[in-house]
Amino acid sequence: MLKKKDKVGFGVIGLGMGRGHLEGYLKASNAEVVGIADINEARLKDCKEQYNLKKTFTDYHELLALKELDAVSIAVPNYLHKPITIDALKAGKHVLVEKPMALNAAEGQEMLDTAKKQGLKLMLHFNNRYRGDVQLIKKYVEAGEFGEIYYAKTGWVRRRGIPGAGGWFTTKSQSGGGPLIDLGVHVIDMTMYIMGSPKPVAASGCAIQKFPQIVGKGTFDVEDFASAYIRFENGATMAVEVSWAQNCAAEKQYSEIYGTKAGASLSPLVIWTEKAGILADLEPKNPRGLSQFQHFATCILEDKTPISPGEHGVFMMKILDAIYKSSETKREVIIE
Amino acid sequence: MLKKKDKVGFGVIGLGMGRGHLEGYLKASNAEVVGIADINEARLKDCKEQYNLKKTFTDYHELLALKELDAVSIAVPNYLHKPITIDALKAGKHVLVEKPMALNAAEGQEMLDTAKKQGLKLMLHFNNRYRGDVQLIKKYVEAGEFGEIYYAKTGWVRRRGIPGAGGWFTTKSQSGGGPLIDLGVHVIDMTMYIMGSPKPVAASGCAIQKFPQIVGKGTFDVEDFASAYIRFENGATMAVEVSWAQNCAAEKQYSEIYGTKAGASLSPLVIWTEKAGILADLEPKNPRGLSQFQHFATCILEDKTPISPGEHGVFMMKILDAIYKSSETKREVIIE
Amino acid sequence: MLKKKDKVGFGVIGLGMGRGHLEGYLKASNAEVVGIADINEARLKDCKEQYNLKKTFTDYHELLALKELDAVSIAVPNYLHKPITIDALKAGKHVLVEKPMALNAAEGQEMLDTAKKQGLKLMLHFNNRYRGDVQLIKKYVEAGEFGEIYYAKTGWVRRRGIPGAGGWFTTKSQSGGGPLIDLGVHVIDMTMYIMGSPKPVAASGCAIQKFPQIVGKGTFDVEDFASAYIRFENGATMAVEVSWAQNCAAEKQYSEIYGTKAGASLSPLVIWTEKAGILADLEPKNPRGLSQFQHFATCILEDKTPISPGEHGVFMMKILDAIYKSSETKREVIIE
Amino acid sequence: MLKKKDKVGFGVIGLGMGRGHLEGYLKASNAEVVGIADINEARLKDCKEQYNLKKTFTDYHELLALKELDAVSIAVPNYLHKPITIDALKAGKHVLVEKPMALNAAEGQEMLDTAKKQGLKLMLHFNNRYRGDVQLIKKYVEAGEFGEIYYAKTGWVRRRGIPGAGGWFTTKSQSGGGPLIDLGVHVIDMTMYIMGSPKPVAASGCAIQKFPQIVGKGTFDVEDFASAYIRFENGATMAVEVSWAQNCAAEKQYSEIYGTKAGASLSPLVIWTEKAGILADLEPKNPRGLSQFQHFATCILEDKTPISPGEHGVFMMKILDAIYKSSETKREVIIE
Amino acid sequence: MLKKKDKVGFGVIGLGMGRGHLEGYLKASNAEVVGIADINEARLKDCKEQYNLKKTFTDYHELLALKELDAVSIAVPNYLHKPITIDALKAGKHVLVEKPMALNAAEGQEMLDTAKKQGLKLMLHFNNRYRGDVQLIKKYVEAGEFGEIYYAKTGWVRRRGIPGAGGWFTTKSQSGGGPLIDLGVHVIDMTMYIMGSPKPVAASGCAIQKFPQIVGKGTFDVEDFASAYIRFENGATMAVEVSWAQNCAAEKQYSEIYGTKAGASLSPLVIWTEKAGILADLEPKNPRGLSQFQHFATCILEDKTPISPGEHGVFMMKILDAIYKSSETKREVIIE
Amino acid sequence: MLKKKDKVGFGVIGLGMGRGHLEGYLKASNAEVVGIADINEARLKDCKEQYNLKKTFTDYHELLALKELDAVSIAVPNYLHKPITIDALKAGKHVLVEKPMALNAAEGQEMLDTAKKQGLKLMLHFNNRYRGDVQLIKKYVEAGEFGEIYYAKTGWVRRRGIPGAGGWFTTKSQSGGGPLIDLGVHVIDMTMYIMGSPKPVAASGCAIQKFPQIVGKGTFDVEDFASAYIRFENGATMAVEVSWAQNCAAEKQYSEIYGTKAGASLSPLVIWTEKAGILADLEPKNPRGLSQFQHFATCILEDKTPISPGEHGVFMMKILDAIYKSSETKREVIIE
């Protein structure tokens, strides 16, 4: 597809979070920015001037109507992921959608089904997958350096750090949830990716709100903390913790994996291994990351499957759905 | 009971692990050592000489027959905890038994029932409860400084450290299990004690063996790693990890608790809290621990409930039973 | 007073040191900048352009004549504090004057008397009082967390750091003195403020010049080092050291207070205390300071006494006068 | 004197604190231990056996009666320093007395007068003077490397550390005072020694008790904290702080001196100086100390003045007397 | 010479490396920039605009033709040093030439001979000589503080850092060599300068290429590593190591000198010495460097010999020639 | 040989340095100590008692005459290595001789020739070869992990540390030289061993005495410092520095090797390498060393070549001879 083009024509919908997408496409050698859309006119104008763009729209439908547009990034509040993604796919555009994919797995599945039906790419913006240390450890895992990975721990905790308190982030109907869906989606996805994307089969969890006083006004009907325990088909288990407010040390994001031949922690990346029968610690230097925007354009131009395909977004939503349900029922939940 | 005595007469059964008990009683101002028993004659002789003791036995029944004996410490391989404890209780002696209490909850319950029937003390040797930092944080918790504790993490992991490889430690029928029962019993108990001994209601876990090659000869039919997730009646959750061999950094034992007013990590003890609306870290200096041997004697002399009563030993066994069962069934297990 | 206004109209006299005042008023929500004055035309023009101001004067009397002016900041060499302050007060303007208040206590008293007579606010620019860590510790002190504070140490020492060598800073008739009045005023005031502003009753000190060679040309007739010992009515004592040049490690500003229940050092702020009978170190995180410019405007609008009132400026000058006199007489001096 | 002997015959009176003296003489190549005395028979016996000594006495008069005895160390509670020293001097023996020399300057003067009258050595056990770093810095000072020393700070503070609470240390009539006389005597003497033993002319101070609750039983009628400010004839000043209990960081003993050419802090020893017009920090390595016991024997054999002569002990007592008096009168006190 | 001028008129040839020269002359109080030359028009235009210059040339001969030009800096690829320097000298201009002086000693000698013949200054851009720490240690050496310097070690190693791979740096005919001539010239010169410029008499070395794969395309016919051992007439020896690629820790540039009275390492500068018979480490603070551009102008105006004269450039080339020859012959080479 | 024995019968000649040998044989499972010899009777008696030995001799010939003796360790001053080794070999005993092997290569060759003629083992006590980190890195080198090793640096430097000043160590006729033969033999051998024992072909060096004043009395006719540069047949080079007294930081012993695939530094051991195209640092944990005494016994029992054979001792002496000669002639010396 797009065989006759050298560069993919991109648009960005939502410039609050999407400014990074815009800059990513501008830097990519195989992409060109066709237009942008945002309901906030001031933000739209600001981007237009800063990046010297021509076509800007407050109504994203107009952007989607452009012929020269091949693909769009969708970086809007979570509850709008599904409708806009489906609009874009139906308009014949490939889609790179921010994480979490949707408010729940059902929505995600609908998006994925649409993409498949349309024969278009649906890529998830799992940015951590493209980090240098993650790409490096992934290579090591694929080369068998870790043996069988049977346990992982991951978390992203904050002492005090509720985003946009009282806005859409803290409103369940717009966000789908609190730190579990906001932060958990990053660290669980990254860790599962490193583990080789094992199939989740069950999850047990607890998502609760303990700091209601911090959000002074506006809606706050999501959790501020969640813990979880996930089982995978291959027997591996994963412990998870996330929070927007917790009486802990400083903010910390981490991922640890344990295999029969080696274990690792990131970031910073340290690999605990054994060489020639001797226990040894390995510290890689300066691994380089990938541009996911360059990568997305390449996948479109060469018809390849992205590193972060839509299917993995649906898996992630199933895990999150299961943890929320487990928290309500206070019992482990089977993931189909 | 024992009203007319100033000091409690103690015996110690099993001097491999029990030497610390012996020294503890010798230092306690309200205890005196009546005699000791061990099937290993060399060890018995060595202790006799080093501590200048008179009555020593290779058959513990002879020790239990002494009139001047009021209580015994039992520090033998796990599978012998139940029979010797019951013998001692039937002989009218109070018992301080090493952890884990028994091979499983059923055995533990039988021991507890016997103690109650006999009207005697059955105390568990949960030594971490008596540490200075644990006693200190316990006081803070009881004073409400942590608010509601809703989450905890605990673990004891070793890069390479399988005890007495090929001996009773690695033989399921004698030990009851691997690091979960050997190390987990320490850290889970300590953490629950700090949390205020909430009632466990469910556990999900995985106990597996991944380093079979390390134990060269002898039996090795227990796990070398376990992860678990425990739910308590009050809604709190706890993440657990233990190992004898794991590709991790160095050996580490830790416990973290999180409450609505403060959180803490030990050891070393740091308390993350908020004073006058300001986030603050509190580092207590030089907290002093208790002698559990002095304490046991006091409980006997003054008819008090020990800090580590037999009931808590049974709770612990129920949790461990549930985790092992969950590991086999690959499903969460309800704790009755 | 000023009841019918929402914002106080401010002017700034002296832009060398007063630029911070200007920026402070511009940021304050309840202040507006009416005009500025400086004898240096280039500086005046520079500020006019940078901050987009309209009314600028090389003669401060013209600024004081503006009707819409309610208050002024005076940030000029020390020997001009008194005459300009009195001019401003007589013109009916509230005054925020830089520290030290004046060349000596007599001048300071005259300024204070004038303010009282005119019924206007005279506030001292003791900026350290408004720091986050100082406000925090002050709250703790007021809440009784330190018990009785009976001893303090404070200092500001520099290995080599004589300000504006050869200019007004080193000329006694214009500055009133060297590091004692330049640096000492900061640290002594801050420490006394934390202690609860105890009344000084005696001071012993030594103010000497030991590095005459450093100031190559121009006048240098003030001390470059001073040590002092101050007694307060409540029995507390304070040790002081200040220097512009001293063979010490690096530049250091510090304040330590010692009370019967806790002690503290800043900056960084560490509190040495005792909780539940246990010695503990408390480290507050990220305390936030106050804007003294916003505060000054609030005091004017709501007729409140400032955190740093003119009276404290006079006390400070009495202490400094006493130390200088003690240095000359080589005997302790009583402070009336 | 003693010209015909190679080794001086020593005795030690008081073995609680004097054990170090005994070991010092045993190691010295020019000393031999003649006998020891202590009213505590168990301690006497213990030393006799450990060091293989022959002549031991519970009555020190018997020791003093020995012909082969040339000199004695006196290491007993402070209130006994004077009577025993005078007894020893009258018996014709040289004396090395523990610090503080006596309960006050008058007693000290009497001791000194007696020594002079008898033509015997009276040396003070100012052990810090013999430390390697102190001897080193002393050499530098004497070589003019520091220029004129015009300021010093010294202190010895403890968070919690009241010695022998309730015993003679905390009883004014036996000790002469609290940390000022117990700890202050060490650090003030050491600092003055480094400064070249300038003549003290005035002292201002405060010696107060703020932790009465710490000493549960027994007498506690001395201060637990003291601050002071000392003036010397050469214009130099010194700030002093000492405590047995203070809400400070950890125990700390320090001395800092400041001269026109260099300054220094110990321990560890760092010298802040200037070489070739460049500021530089100098860190001496491994300076070696002296044995004061070897030194005392040498002084006797060669009729030299000790490094720590009795005169300096009297000066020290005058300073301490002045600080205590200043604390009572709340005014600076002139030292005659 | 130039007696009637206050400022020297400078030109810069080659703006890639020469931009620092340009900025140096612009800051110097005794220099003025007359014009610049570069074959790269874009770079020329960029400098013209940034520094507001008037006369710019793509042909350096035109620059040399300017009457108001007194001297030039030559900062071009190594193989052009000789021809342009000789052109400039023949045009009657003083020259500051980048290091290495030329491709070999013969070329350097020719340049030097020309300068002498013309009676003009030929200065080498040995920038390290002008560093603050180097100037400081040089002063100490000259003051005899190091005694006789009999050994030195110096090096500049990089894990991975081949400059302009495939360009003139890696092409022997244009650069004269690899890291030995590129990096070695810096560190060997700096170290010899500190040692007092002893005369080299022999060199043994090895210059080899071990990472051919790193330079993907273009020419790479120089070494990527060299080690060497240099003997001086005074008996001193020096060990050298340089690399563009080496499996070492991080990039490191160092110089160590050892004398009979003191030794030193830089950077950072630490001096290991002995004071008053005590081993001591001396750390100078904030030494200030010199501007070599100001210095060059001064040498021209006052007819002085520069700190880095052309003769030293020739010595350096002789050493480098000898090391390269030694590497080929695998034998020590005598330096005439 | 010795086929019918389980254990080798050992003797030790020289107990000053040989005590470690004695303890090594006592711990080895395949060795037994037959007797010891030392000319110092007190030392002989002391060892006899401490280790409960029966046969002790002041004349080593008597020891060598014992039938049950199979082998001896020779740990005497360097000049006695040759005569005693030859006596022992002629008596039919295997020999483990301390390093350096002899006073020069000629002596060493004679010893080696004798051993070969007698068909006996001659092993060198190169203890560093048996260290855990050395054995580990050796394995890595042999597995090709370092590629081609083309450069090495090694040294052992001391700020002040002349052994047995004035005794045989500092007397050339008894020691063969100073730190080059005393310390250099350790580090050069260890480094060459790691490099795979390349054949040395030339050496350049300087061995000089710069601290004559340190050795107060007795002979001091050897160097206190040496630097050297060694070439090997395979093109590799090695830089060496050793000293007994040098104005350097602290005492330091190091070895660094650089290969085309990896480099390393010890101790502590760090390996700089590249894995999967990523630069990485590898830190092995807890490598275990070998007992060279057990190893020597094994070599005798199983007729194997020791890890440190006599041939390598001769190579080492040739290098040392060449460096000393190079120092005298001030020219590189070819090693035959």
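Going by the order they are written in, the chains are A, B, C, D, E and F; count residues from 1 in each one.
Everything below uses one rule, namely that a residue touches a chain if its C-beta (ideal position, glycine included) is under 8 Å from a C-beta of that chain, and two chains touch if they have at least 3 such contacts.
In this text the structure is predicted, and so the values were computed from the model without any measurement.
Trainee: Counting hops between chains that touch, how far apart are chain D and chain F?
Mentor: Contact-graph shortest path, chain D to chain F, evaluates to 2.
Trainee: Which chains are in contact with both chain C and chain E?
Mentor: Chains in contact with chain C as well as chain E: D.
Trainee: Which chain's C-alpha centroid is most distant from that of chain A?
Mentor: Result for max centroid distance from chain A is chain D.
Trainee: Between chain pairs D-E and C-D, which one is joined by a greater number of C-beta pairs in contact?
Mentor: Result: the pair with more contacts is C-D.
Trainee: Out of C-D, A-F or D-E, find the interface that copies A-B, where copy means more than half of the contact pairs are identical.
Mentor: C-D
Trainee: Taking each chain's centre as the mean of its CA atoms, how far is chain B from chain C in angstrom?
Mentor: Those two chain centres are 60 Å apart.
Trainee: Indicate the whole-number Å distance between the mean C-alpha point of chain B and the mean C-alpha point of chain F.
Mentor: A distance of 52 Å separates the two centres.
Trainee: Could you grab the centroid distance between chain E and chain F? Build each centroid from C-alpha atoms only and quote it in angstrom.
Mentor: Roughly 43 Å separates the two chain centres.
Trainee: Could you tell me which residues belong to chain F and also touch two or more other chains?
Mentor: Residue numbers touching two or more other chains: 159, 279, 281, 285.
Trainee: Treating touching as the only link between chains, describe the layout with one word: line, ring, star, complete or other.
Mentor: ring
Trainee: Can you tell me which positions in chain B touch chain A when the two form their complex?
Mentor: For chain B paired with chain A, touching residues are 148, 150-151, 153, 159-160, 201-202, 204-206, 208, 210-211, 225, 227-229, 231, 235, 237, 239, 241, 246-249, 256, 258-263, 265, 270, 272-274, 279, 281, 330-332.
Trainee: Help me check something: in the complex, which residues belonging to chain D touch chain E?
Mentor: Those in contact with chain E are residues 136, 139-140, 143, 275-276, 278-287.
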